[in-house]
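Below are structures written as structure tokens.
After this come two complexes, each holding chain A, first together with chain B and then together with chain C.
Presenting the complex of A and B:
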């Protein structure tokens, strides 16, 4: 019946559903996503480009952006390598408690990020379960860049894994088996056969993790100490400036982060095609 | 072949990681051969410290000791700052909104020193609590009790995270006690409770700190905001469309400074202690007045600032018997138990 209807429309030469559905889609996106983003750009630049630029070139702002990039980068490196490893183990072997591990890896998605930060403090803080033992040795993790990396790892833990695991699951075993029969070692098979077919998933997993880590706020504000030019990441800087009433300065950095995500997701979009076509 | 194209992104990532690690941010706050003082403060201290007090102390220390001092700082609601320090944040000195937070730092083992033995019982400056309204005072608000009228939207910081919010509660409650005492000869706690309840019904938002509350108010939210006088004077200075309403009777908030002994080594102590004492110097007290705080050491400094409001019936936390009593008796027993969970 439905098929009949749509073919009838094509016969008439004009599918009214197409422009209508596109309009509805844009109309829904407008107040929910597009206009809020647009207002960041409007408020960030309404005092002129000069004040936008001076807000961006403030040493504290530059530091905050750099710190965000570096901490997110290392969290991404860790989570991609671990996600790859965990996906390999979990799709290759079945063992008692396997499903429990899968669920646990996915948990950070549902945990409020403030809880993640608090959990890290309870463990690694100077009065935490482990931190208490490390503190006398002069090892301080919380309120340093390490704390930010740990928080980023926690909240982005499931992302790379989530992208890589389904590819592993659907990967044809015949290639790996063929490789093994041809006398390749387990490592050679992994490096030359398994890994290349995963590169699309690895790149998207990495970009997704990185983008999410750069925007992380809730856990970072608890564990970093929020010291300007020390442990203040870009989202914390935005929050601090907004609280001080310096809305333009906050918006300038917000624009950078918004553009940044735009670039990341554009890369994600095109890189996937490029890598998978290769 | 397929193998080579796989190696391309690999080298790209390797290159990127080298690039990123090479630009690991180094803090511009690190003084070369000098010392860094880490200060955590409650929200409204930021401007006075960063604009005047820090630079003045840096110059003084350099002149006296030939050594550079740098400051790194973080500002949030007083209760938030206190919790951060209790969790291990690396503060060496804290300036808090309420004495109770200094007390909590002591109980938590963060500070061992007795700040009450410092000049002025450890209080570095003070400011009265006022009401900010929209220009022309369209809702005709003249005193705290008017904020309980129907249809008034009040912004009030959150007493859980903000010291200013607790001062504000004491200001409302105490002003009703004080006025009723002056009118009838006896303070009337029932009237004070009713006023507090009526106002709290009109609160539409509880931001985390006084400064956050001000930003919300500035962005056009709400009819009235209860806050530190200095916030009102600063907003006037930035020619915002607001007016300040001075209640007939209100509290003077008093802000203590505490050394966080736990995060202080013997070599760092002299500069931090010198900075602490500097806060009561004439130079620093005048700088506070310039930034709309009131001096605690010399009332004649306060006369220099013509913008300071005249308060008809002022009082301090001493009216409740100090913070040791004000917190359990008013914030906890009256506000938490009879207003918030009413």
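Presenting the complex of A and C:
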């Protein structure tokens, strides 16, 4: 994404506004974004790498990181596959209530995550609408890793769908028609023609979903029960350790999560050309 | 003597379209369309937008279903088969090349779907690349090709699986005027070389006349006339065909004693067995078939229409176009095109008085009186 720098031809000589506006921009960003990020790294490493390392390798910390990765992974797999399916159905077929479905699917972006977690508890919890029926069968979803996956699915649902649907919408129908006249079945057309055009959207949708799921806090803390080494994800671990006054332990994980999101967004940013290449 | 009766026998026609009708809601898009395409033949469906030509193409390829009628491809009734089982080759208006496949992969697609052996695919792709002169571009992606190159890929891609018929949907619509002219000559000679029956659709009459072995003129879902370019241009059967294929001058009148008569105009016509006195008729003639002379100079060679006043003379390149206001009731204006030799021999200016005569013309009888005659004939035959 090469930014086109337009030369300011209407200004003659030295342009004071340029250094001034850059300075103001950075001055505003500094306390709001840059310094908080920097302080994670400064505090996390000011007692030496050894202490950072031991904080990181605590069994509870490793468990929390693993749990975050695994639950986010399955939520991503589900949301990409189902998002792909939903986008296909919703852009291909028109039916009564289609717009209502599209709005509903996109809704979780606007719902506070704590509300999402609460809603899941009301449905699946021991006294919830469905949970009440499952509880006697010995099926308990809430306060397990399943609950975390459910919360992640709920919160990140619109992300992959939102990236994939526009690609379906703009895809020319004549590609599929051409494929059909050439003898391809629906499945062959989807596999050979439709899917390759979605490659970029699927990869970026998956990365966005995964990044968002790994950082999820509000809904997870309600549905997981926050049990150390059982249902405690990385963000919950940071919160718990901070509450216990173990700032270093919290900080070590915070660094890992910050680096992790930094990597994912770098991929999204720099690989965009590759992802969108024809 | 053995008698073989085949339930379907449409001779050597590659494509037969029988009684095709279709409506979208209230509007009738196609009304009883019948025509056929022979082996090695190029038929052009010519019509304005909304004439139903695209719908015919989509029905033949199986992308749309007709309300009634049949599609026969090489003696096989495919009316109820889905697009993928018909084996037609469609060249879409935007070519619809697969953007994530390179030229080779696009061409190989139809064979890959048919699970053809790898070696055979490679041979076919090489042969087709040679045929459409794209050997140097085999690894390129569609977005890296020019419009003409994309079109050749689209043709090669359709030819790969030996299609029953090639169907071209406004194939030159997306190209600029100069390239269009070159490309359609190229494509015509290519199709003549490989001998694959083809149907083109277009709204461009010049394109239709140049490309087609036969031209079918469509008007609001009806097939007005089908014939060789010469026939449809010189012997239009309806007013629509006459005016759609180039400019045409029209004079209303009636048949009387073997003549076409309109006020004080009287033109000798060939004796038509069905023409009866009193039938309403139209005299139709092309701008190049109307001749302007000094009133005293109009020779016996021409049948005189009337005198007129030159209204406008404009230079349009190879020809001169003259608009002349006739000295007839309602003062109709006729268009005349004159070649250079004539403009030099007899220069014209606006306001000049001339006499107008015709050599070639066509008499179109009023459809109502034609239908009348037909039923009478039918009754006589029945009796």
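Definition applied: the second predicted complex is superposed on the first by the 247 of 278 C-alpha atoms of A that agree within 3 Å, B and C clash if a C-alpha of one lies under 4 Å from a C-alpha of the other, contacts with A are read in each partner's own complex, and residues count from 1 in each chain.
One rule holds in what follows: contacts are C-beta pairs under 8 Å (C-beta built on N, C-alpha and C of every residue); 3 or more make two chains touch, one makes a residue touch a chain.
What you see is a predicted model, and the numbers here were worked out from it, not measured in a lab.
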### Message
Under the stated touch criterion, which partner chain does A:182 make contact with: chain B (first), chain C (second), both, or neither?
### Response
second
### Query
Just chain B (first), just chain C (second), both, or neither: which does A:196 touch?
both
### Task
Would you check which partner chain A:49 touches, where first means chain B only, second means chain C only, and both and neither mean what they say?
neither
### Query
Just chain B (first), just chain C (second), both, or neither: which does A:174 touch?
second
## Note on the structure
Across chain A, the partner (chain B or chain C) reaching more residues is B
### Query
Is A:67 touching the first partner chain B, the second partner chain C, both, or neither of them?
first
### Task
Mind working out whether A:32 is in touch with chain B, chain C, both or neither, as first, second, both or neither?
neither
### Query
Where on chain A do chain B and chain C both make contact?
192, 196, 199, 278
#### Entry: Contacting residues of chain A [partner chain B, same complex]
59, 63, 66-67, 69-70, 73, 77, 121, 125-127, 131, 140, 142-143, 192, 195-196, 199, 203, 222, 225-230, 232, 240, 242-245, 247, 275, 278
### Summary
As the complex stands, chain B meets chain A at residues 2-3, 5-6, 9, 16-17, 20-21, 23-25, 27-29, 38, 43, 46, 72-76, 84, 87-90, 208-209, 211-212, 214-215, 218-219
### Query
Within the complex, which stretch of chain C touches chain A?
61-63, 82-90, 92-94, 96, 98-101, 109-110, 112-114, 141-143, 157-158, 161
### Residue ranges of chain A touching chain C (in the complex, touch as defined)
172, 174-175, 177-185, 188, 192-193, 196-197, 199, 278
